[in-house]
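In the two complexes below, subunit A is the common chain; its partner is subunit B in one and subunit C in the other.
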Partner chain A sequence: MMKKILKNNNLKGWLYLLPAILFLGVFMVYPLIDVFIYSFEEGYNFASQTYQGVGLYNYSYVLHDPYFLQAVKNTFILVIITVPLSTGIALLISVGLSSVEKLRNLFQTIYFLPYVTNTLAVGLVFMILFKKTAYSDGLINLIIGWFGGSTVDFIDGPYWAKMFVLCFYTVWVVLPFKILILTSALSSVNQQYYNAAKVDGTSKFRTFMRITLPMISPMIFYLVITGFIGAFKAYSDVVALFGTDLNAAEMNTIVGYVYDMLYGDSGGYPSYASAAAIILFAIVLTITCINLLISKKNVHY
Partner chain B sequence: MEVVLQNLTKKFPSRDRKKKEDVIAVNDFTFEIPDGKLIGLLGPSGCGKSTTLNLISGLLKPTSGKIFFGEDDVTDLPPENRGIGLVFQNYALYPHLTVKQNILFPLQNLKGKDKLSKDEMLKKAYEAAKLVQIEELMDRKPGELSGGQQQRVAIARALVKMPRVLLLDEPLSNLDARLRLQTREEIRRIQRETKITTIFVTHDQEEAMSISDMIVVMKDGVVQQIGKPQEVYDSPTNLFVAKFLGTPPINVFNGQVKENKLYIGEDAVLTIKGVANQEVYVGIRPEGFILKEDGAFQCELSSVEVMGRDISVVSTNKASLNVTVRAIIGTENKVNMENTSVKFSLVPRKVFLFNRETEERIDFEVE
Partner chain C sequence: MENKIDYGKIEKNAKVRKTVVNVITYTLLAFWAVVVLFPFYWMILTSVKGYGEYNSEYIPKFFTLSPTMQNYVDAFTTVSLGRYLTNTVIFTIATTAIMLVVITLAAFAFARLDFKGKNIAFVIFLSLMMIPNELVIITNYVTITNLDMRNTFQGLILPSVTSVFYIYLLKENFEQIPDSLYYAAKVDGTSDLKYLLKVMIPISKPTLVTVTILKIIECWNSYVWPRLITDDENYYLVSNGIQEIRENGFGRENIPAMMAAVVVISLPLIVLFLVFRKQIMEGVSRGGTKG
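For the complex of A and B:
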């Protein structure tokens, strides 16, 4: 009797899950497996659906490709700089927001604006702000000039300048979402803990470090994980800033490299693209696992 | 440390946009709390008792009036400089810290000359833990403790700095009935051992009566009566206090004083002196009834509840303001359930008269 009910329930459960499983299976799991297979098939050709052999050559090629190494370097720099920076700034702004009372809604709206603005449009604006052309030095260079600095072409100039613009842009774009999450996390901390801390004579800084931070640590952790993943998958922002010929600009990212291998001017190599994609997958997986391990000690649910 | 409240008043701005009047949470509260006593602030929800506690703790600033701890005027001091320990209704234990870390937390905040070495802190923490008997729980997280244990940790955390005044906000309201009895004994014991002036807030009159040295009954921000529990019970100043104290609650009747006789309905129940002829409310405690065949006060019998320790006679009376009249009598009495009515005589000191308009108690003498 019990078994029958259980079985019935099971069937029902699977039925409810079916739409999602079908959808995910067709558009997520199958392509994932396919990419994995492609990455081992040497010289795969879309049109004829043929390949020459099976092996690790694709990986070897990708890992020796200077463009790929450049893309990996760029991506890592982007991740390492923007994730901690954006989370830290978002935390500061959220704490500030929750301590002001007047005009709080106005500020919240302003801080949230970038989130609802199109990435490409924002990228273009950034480009115009930073770009140096024959006719104008751009707004940023103008400001640098006021302070007596020499002008730099941030879009077509030296590597560090371009990287600066990219990081600046990325931080700016991801901030609103993080601020939104953190302000709600902050407001969900029970006022009683702050009262208790106040009665015990806890300094503001210590209250923040020992009470506020641990209380919102699950949300910070969530933001760090999604931040890492998002930054590793950066592509459209880079295109918006530096155009589509990213290899020439030395600003390619791993996802950009995958795209170029498939559709770019030098494209038409699905095997290399697949290998690069699998490498990205492995990197993201490793970083996420490390994050999870670290979080076990420091995140309090 | 005695705590003196002088004309303490707290007003909150009205949230209602149409009504601009301030809400008066505490109105002109004057009271001197003697050193080393356990005081119960008692009243129904919204009567301003928690606000009073928060004013004493310093979490709220009074609109007017002063607060003294001994000789020190602490009215303008922030909470951390008042030397108080506060136990919150939901305990407010930091969930991510262990019990030990929670108790250590206030000590780690000490600065300058008060700063303690690690060993001293641990010693104090263990002393506090021992006082509330939770030494074996020191490495657990609050989430792994029962309500009663959390309560003890909260008290230990409040006591570890040896505060001048200990404040407890509804300390027993989150505990089940059995634990409540046990914990209130515990609070009494801890208070006796530490001799710290303790003020606690409760809406449960039984709780307040059972452990307090003195109780303060409040209603709508105004203090109704202050006194020893038994005194307040035996001579309430007004109808509200009489109704609020005592389980089962006091029976209230419409009555009349006419030519030195007290009438409830048609029955002249008592002969009294010193009260002018007037309409009154008559309050009779459940234990103020004596079952008597020729008793002057007649009620319609509805049921008899045998409690083991005593008997509860439930009856009705036309003049009663409550739905039923409840009398508690000794088990040596036998109530004949075949009778439709039951007759009582009254114990005069369990009978109170209240003015119809002001609801203040009217003193009377018995012939």
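For the complex of A and C:
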């Protein structure tokens, strides 16, 4: 009897799924196939929606485009600096947080704030803090002056200065998530391990290296992977700091390059955009796979 | 005698050590709290400085003695901040509402109903989670353009009304509801839809609230898709609005008015966060990433 009632659900089941399938089909599955097709269609014309041939020209164009190479360079620098740095700082803060009791909630709330702010809007504040104009050197330059350094325009100045601001802002934006994850990982480590270590008279540092770190290593690893993926997709933080014309500022990222190819003054080339997006996807996939391989050796589950 | 003194010394040393560690920890924590809070302080401070006052400060001041609300008036009158906010509210509410319906139905089908092809469909859904937005956005842009839906709310809303991850989250939640409830309802002749509405949704309310809030945050901050799909200022959301204000709004020098706009844009989410702090942090640690 029960079986019979449940069996009649064939059509009904699909009916309940229908809206989700429709939306996912149109806006996810079809585009996924289509992006590969676009990337191989040479000389695609957006207005007439025609193309001349099929081949690898789009990839070759993108890979020889100096703007793309600049974007790849910027993205890699950003990734290599911010992922280890933000994970490290997050670990330091989380360990600090879990070793105190007073004010812990207050600190946690404060640290999480950047997560709920509009990246574009707060990016403007950072721009003002770092920017040097005719009217003012800006607050950061004032502080540099206190310590006897010379002023730099971080927004329109030398490359390293711009990269510094970008990395700083990126770390500021991604830390809330990492701190949250690591704090809850730390609090879930079984207290008995610590008690056992205490009985044995193990030093705090050794306890951390031998108990805490291995216990939370899956979470650290999860953060490294998501951190890599997120940093490779950096875009809106960069726009927030340097405006929409990123190529001129020499601060474009791979994702920025994709969108510039698609839209705006330099846009109208979905084929190049597709090729660049697929190259990005390939890079992210490769790095994630390498990460997974490394983790198999070093992470204790 | 000697032993006693030694114990006291050891205890004292331990105490001193603990205090030192504590001081260092609190200093570190407080330092980062300042780094996090300072931009917010600076944004509010600048937004209440007068235009003349701000521009005459070659060395920026850390406080102001004559706060003014004029910048907020400017933000709403000189540029269309009010319109951007209205658009964003419409976009956020519509997207979140449609998404809730879509994911609830799908999660119900996966969790409760039994039908041919369910497992395959679920595996396909799960594998869609790995697809980055950047790959599909190009075709979506072309699709929406061809459908003549640029600069419309439909064009803005439709591509973002499903989330495989939230379907998954909700399905897991639905599955925890005991089967016996469902059988009892079936015996009483309750329809599936009624069971979903009257039993499952009320029980899963905490998860639904979390999903709703996370989606609201995502909508409020979305930038890339709205930028691609709107070039008519009348359809700008706040992220594009602030970019527009920065590039063409008050003129580059009127930073205080710009900061007033930034405060107005940031405030709703901060209030939302302070009210739903627990749900948001719990939801994010269960699988939200920024992006």
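Simple rule for what comes next: the second predicted complex is superposed on the first by the 276 of 301 C-alpha atoms of A that agree within 3 Å, B and C clash if a C-alpha of one lies under 4 Å from a C-alpha of the other, contacts with A are read in each partner's own complex, and residues count from 1 in each chain.
The rule we apply is simple: a residue touches a chain if its C-beta (ideal position, glycine included) is under 8 Å from a C-beta of that chain, and two chains touch if they have at least 3 such contacts.
As the structure is a computational prediction, the values presented were derived from the model and not from experiment.
After overlaying the two complexes on the shared chain, residue contacts for A:I93 are found with subunit C alone; subunit B is out of touch. Number of subunit A residues touched is higher for C, counting subunit B against subunit C. In the superposed model, A:V79 lies in contact with neither subunit B nor subunit C. When the two complexes are overlaid on their common chain A, residue A:P214 makes contact with subunit B while staying clear of subunit C.
When the two structures are aligned on the shared chain, A:V35 is found in touch with subunit C, with no touch to subunit B. Once the two complexes are laid over each other on the shared chain, residue contacts for A:I140 go to neither subunit B nor subunit C. Once chain A of one complex is fitted onto chain A of the other, the partner contacts of A:A275 are absent, as it touches neither subunit B nor subunit C. Applying the stated contact rule after C-alpha superposition, one finds that A:G13 touches subunit C and leaves subunit B untouched. Once the two complexes are overlaid on the shared chain, A:M163 sits clear of subunit B and of subunit C alike.
For subunit A in complex with subunit B, the touching residues are 190, 192-193, 195-196, 198-203, 206, 210-211, 214-215, 217, 300.
Subunit B makes touch with subunit A in their complex at residues 57-59, 78-81, 84-86, 88, 90, 92, 94-97, 105-106, 109-110, 157, 161.
Residues of subunit A that touch subunit C in their complex: 2, 5-7, 9-14, 16-17, 19-21, 23-24, 26-32, 34-35, 38, 46, 89, 92-93, 96-97, 99-100, 103, 107-122, 124-126, 128-129, 135-139, 142, 172-174, 176-177, 180-181, 184, 226, 229-230, 233, 235-236, 239, 243-244, 255, 258-259, 262-263, 270, 273-274, 277-278, 280-281, 284. Residues 21-22, 25-26, 28-29, 32-33, 35-37, 39-40, 42-43, 46, 55, 57-60, 101-103, 105-106, 108-110, 113-118, 121, 125, 128, 131-132, 134-143, 158-159, 161-162, 164, 167, 183, 186, 192, 217, 220-221, 223-224, 227-228, 238-239, 242-243, 246-247, 253, 255, 258-259, 261-262, 265-266, 269-270, 272-274, 277, 280-281, 284-285, 288-291 of subunit C touch subunit A in their complex.
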